[in-house]
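Each chain carries a letter (A, B, C and D) given by its place in the written order, and its residues are counted from 1.
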Amino acid sequence: MNTFGNALRLSIWGESHGAAVGITLDGVPAGIALSEEDFEHDLARRRSGAQGTTPRRESDRPQLLSGIYEGVTTGAPLTILFQNEDTRSRDYTVLTHHFRPSHADRVAQVKFDGKNDPRGGGHFSARLTVALVAAGVVAKKMLPAEVQFSTRLTAVGGERDAERFEQVIAAAQAEGDSVGGVIECRVEGLPTGWGEPFFDSAESLIAHLLFAIPAIKGVEFGDGFAVAARRGSENNDPILDSHGTTASNHAGGIDGGITNGNPLIVRAAMKPTPSIAREQLTYDAECDCVAPLQIKGRHDACVALRGAVVVEAAVALALADLSRRA
Amino acid sequence: MNTFGNALRLSIWGESHGAAVGITLDGVPAGIALSEEDFEHDLARRRSGAQGTTPRRESDRPQLLSGIYEGVTTGAPLTILFQNEDTRSRDYTVLTHHFRPSHADRVAQVKFDGKNDPRGGGHFSARLTVALVAAGVVAKKMLPAEVQFSTRLTAVGGERDAERFEQVIAAAQAEGDSVGGVIECRVEGLPTGWGEPFFDSAESLIAHLLFAIPAIKGVEFGDGFAVAARRGSENNDPILDSHGTTASNHAGGIDGGITNGNPLIVRAAMKPTPSIAREQLTYDAECDCVAPLQIKGRHDACVALRGAVVVEAAVALALADLSRRA
Amino acid sequence: MNTFGNALRLSIWGESHGAAVGITLDGVPAGIALSEEDFEHDLARRRSGAQGTTPRRESDRPQLLSGIYEGVTTGAPLTILFQNEDTRSRDYTVLTHHFRPSHADRVAQVKFDGKNDPRGGGHFSARLTVALVAAGVVAKKMLPAEVQFSTRLTAVGGERDAERFEQVIAAAQAEGDSVGGVIECRVEGLPTGWGEPFFDSAESLIAHLLFAIPAIKGVEFGDGFAVAARRGSENNDPILDSHGTTASNHAGGIDGGITNGNPLIVRAAMKPTPSIAREQLTYDAECDCVAPLQIKGRHDACVALRGAVVVEAAVALALADLSRRA
Amino acid sequence: MNTFGNALRLSIWGESHGAAVGITLDGVPAGIALSEEDFEHDLARRRSGAQGTTPRRESDRPQLLSGIYEGVTTGAPLTILFQNEDTRSRDYTVLTHHFRPSHADRVAQVKFDGKNDPRGGGHFSARLTVALVAAGVVAKKMLPAEVQFSTRLTAVGGERDAERFEQVIAAAQAEGDSVGGVIECRVEGLPTGWGEPFFDSAESLIAHLLFAIPAIKGVEFGDGFAVAARRGSENNDPILDSHGTTASNHAGGIDGGITNGNPLIVRAAMKPTPSIAREQLTYDAECDCVAPLQIKGRHDACVALRGAVVVEAAVALALADLSRRA
């Protein structure tokens, strides 16, 4: 389904090389001041430009088509549309038989009976995350002012020293290759009590949205996989006061699926983009054989660079939904 | 929300020390033979008994209250109920002011205005997973016969050698402590095409259900967090034939959120149970001070032992839902 | 789907002659005092006894299985179960080939591939409305105290004089026949603002639930079908004051799908129960011919008598859901 | 909520005088040929022009923004957008204090804290039905070819002779007034088995969508309210053959909430449009008094004329959703 959420409901649509991509947010309260400028910062974080990101430049100007009147949200559904401007016309026929490894080309063709839009990955393209980022901007405005996000890359291609990230990316790029990364999002200022038992735990909703983002293959909260190696006495977070402040925060701010008032910490593992300049050997249905594939076009050497704001948007959207249910 | 799913919809309810726990599955097709015996194997996997699990024994007899006629599902909602038999009456008042660390005691009290059932964690108890396991049995029967699950512990308290797991658990238990673990579920025989763009990727649905299980703090697919340290050329899974067989399976059987026909591999990190025999210092609202807490009762030294079948059930339920939408 | 609602979610299950029927309400706020006695009044309104209703007597004792602690709702899902006690064992095989006219026997068999429970209509039985009535009791407790329901039969078998209803029913019963009726539910004390554009108008939600009740074939609000015969100048409800009080109430308390603070008025048309003692000619798959059918058992001569409280419950449930979203 | 449906999910947005209105359909199968021309016929049925409808003319050109590739649906969400072209700028401030009777002006202001878009009714405007009609075109293409719709006005202002409708409307118009009407939609060629117990009966889904359409105040199936005046022996529809053909069709093609293979018949009562040229006395918050109101602009004397295709679209959409679940 291309809809998500309960009290804040998202509906997303579009293709990489179609006319536009867009998102509708239903459940945004009336009275939030909102202008196109509000989106600039986060869209810039997602936009190409930095080393290791594709040179494709799109104006990425959000059009607010509904749910706004005199610069303020009305309570009616808010629709944000992005025209697809830089869609070079190329022949994408090759992707309908010579499937790129670790892309959705083949599964989309099987699932949709060969009717899927193959251009640039179609509906499976990371292009749709521009809409998610825009929605995230609205979500952050829905949250109390004290809720603050800080999101950063904590690892790139295995390197954990941030000062060496550019070097690691440049090395991969020079070899026509790409690298993965880990993104950490930290949210401070959350109240106790967001999250719904049983199925809609804070972790469940956040992970659901994160795993909708292309390239994410792992999600963990607090100390995550590391807790599996611990003893209870090491991993428990003793409560210190009536506000629920804990001495440690191994849980990443969530107990029993409910926010506990301590900083929420979530990490997402993003795979290296499968679109690489280097030649790859993979199945071609035309010859019914394995054949060399050269992926054309411009590619990100490290999508995680642009992914940080997408991860932040997903976390904000899940929290905004939960905040409206609490 | 205590409902989940689209084409297969779950509704779960109950408390640790209430009259019963139960689950209703809506969307089970008519014509599946089902008897109480079908549940025995998986319920036994979850049941206490092995070293490191609580000695609490419950008959765990599933009562099939609806949706069945003459031993076959009717297409109407299927309700499975478990009486709570071994609910020793104790005084749980202490939990309403002296909150157990890393439990839901405090968040539940804040969220539900002090009206939550505090006995044994109430609705937040892992007792509810008995219903999830039973639902998983039905889910597995909904899937094609060639779909096969194998689920195992791959690490306990940091130890990866399965032969040493008992020893690690016994050592923790001897010290009144607990250990975490990692559970891996592998599903073979899946067709290409399950999973729904954008939001209901196979990963999103599976992770959503997994993070609803108490104690799970991390979820990863295929090589998971390890892929973030790789290059694209290493991580890509070249396609070998018209069935979509890949040379490697770093993606864990999912591309673009859709199953690709290769084995689905998912791992979940389970924290050490926070209920430990050792004394802990934590906030007590009665004295408005940090005070020593001694948690009474019987506890699992390693909940991951019993968690494997719960993880498997969650994966099966997500897949059953997706299979009905494909 | 056997689930309904957004902020208050219902999950219903059971069959006429199965072990039990039940309903789970998810979204009931914590802190509502609730006892089995609270259900007595409405269950008595639904129960058989009055002239024209079936003599089948069931204790209809609601078992509150979850979501309650020390007599107060906890905020966790509330499950209400009714055992099926008076389920005489008979041979229902005839209903699997000689379908009762205007019953669900045939459609259920086609839809569920012959696996449906045929006993007493199975999942399609009006028996399930006992669960709906119980849920309605909870829903009414969720609404503000000033919200008051009054529900009554306004017509029986075409007769509009309430004093002659018994006579009309008795006459039908004497001839082995049944009669339909119209039920009107009036709700006072509603605030302005309940209902959600576009799809979840107050009328949409109420009608959705009403049309789930077996035997209802028409629903209208305010003056309903009569408004189609009017001019705008006659039908408009002029507003008189700042509270939104209107001079007339042709709209039945709903403008643009949103409650306007005036009494909500809704009417439902209930067909005569199709189970009649008189012989009927209808298709029998066994002989592949039209054959006389004699429906055995005890039947209501006027289900609308018992239907009033079911209609009230449906209206209350829709309003409770909307109240939690406003 | 502005989303509706389960297997076919709709998301609608827009305002009367905003930039555009649109709808996204999620769940449209891949492989349906679709062009802008396909929408012309139904959009023309809804468009102004005939006597009794507003002279506002809009090109109403549907833009297919996503979910289409080379003229064929892809299986990805299908978004249809209509620019709002003929939005004369006027001062709508008066509507924020001098509320039109039987319009949503006042309830919208209360519900959305005065932040609603007041221009032409904003999100509550019948303008949104252009998107519903477009979605209905897609829905009809999703249904089997043998499913055929015929929809007509059966009454206007109380008049049942179709030849006199124009006269009745002209008379009202001449007096600055409007008239209501009854629309009947008949669907032939439906299979047995569409509709989902318990809550998603065919009647429930259809009525839910119909009551989302502005101005509809009553919905009935088959003989509807008339059945309440009947005896069971008169109202039952005897089955004649193995296909389920019934001798009569009082049920309007639905038994137990499930289509029975006979023609589905549904009627909707549409109120006279509350926007009339005649002066009305109604509350004005500015003077806190009842004051004469003169509604400016162009108005439909009989919205039911344009409403027929909207009703048909709603019925088609509900059926398309159910068809995908059967």
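In this section, a contact is a pair of C-beta atoms (placed from the backbone, for glycine too) under 8 Å apart; a residue touches a chain by one contact, two chains touch by 3 or more.
In this text the structure is predicted, and so the values were computed from the model without any measurement.
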- prompt: Given the pairs A-C, B-C or B-D, which one repeats the contacts seen at A-D for over half of the pairs?
  reply: B-C
Task: Between B-D and C-D, flag the pair that has more C-beta pairs in contact.
output: C-D
Query: What is the distance, in whole Å, between the centres of chain B and chain D, each centre taken as the mean of its C-alpha atoms?
result: 45
- line: chain C and chain D have mean C-alpha positions lying a whole-number Å distance apart equal to 25
Statement: Listed in rising order, chain B residues that touch 2 or more other chains are 1-3, 6, 12, 76, 111, 123, 197
Chain C partner contacts - residues on chain B that touch it in the complex: 1-3, 9, 11-15, 18-22, 24, 26-27, 30-31, 63, 65-69, 72-79, 81, 111-113, 115-119, 122-123
- request: Would you tell me which residues of chain D are touching chain C in their complex?
  value: 1-4, 6, 10, 12, 99, 101-104, 106-108, 110-111, 121, 123-124, 128, 155, 157-158, 172, 177-182, 192-193, 195-201, 203-205, 207-212, 214, 216-242, 244, 246, 250-252, 255-260, 269-276, 278, 280-283, 285, 288, 290, 304, 326
Task: Show which residues of chain D lie in contact with chain B when the two form their complex.
output: 6-7, 76, 197, 325
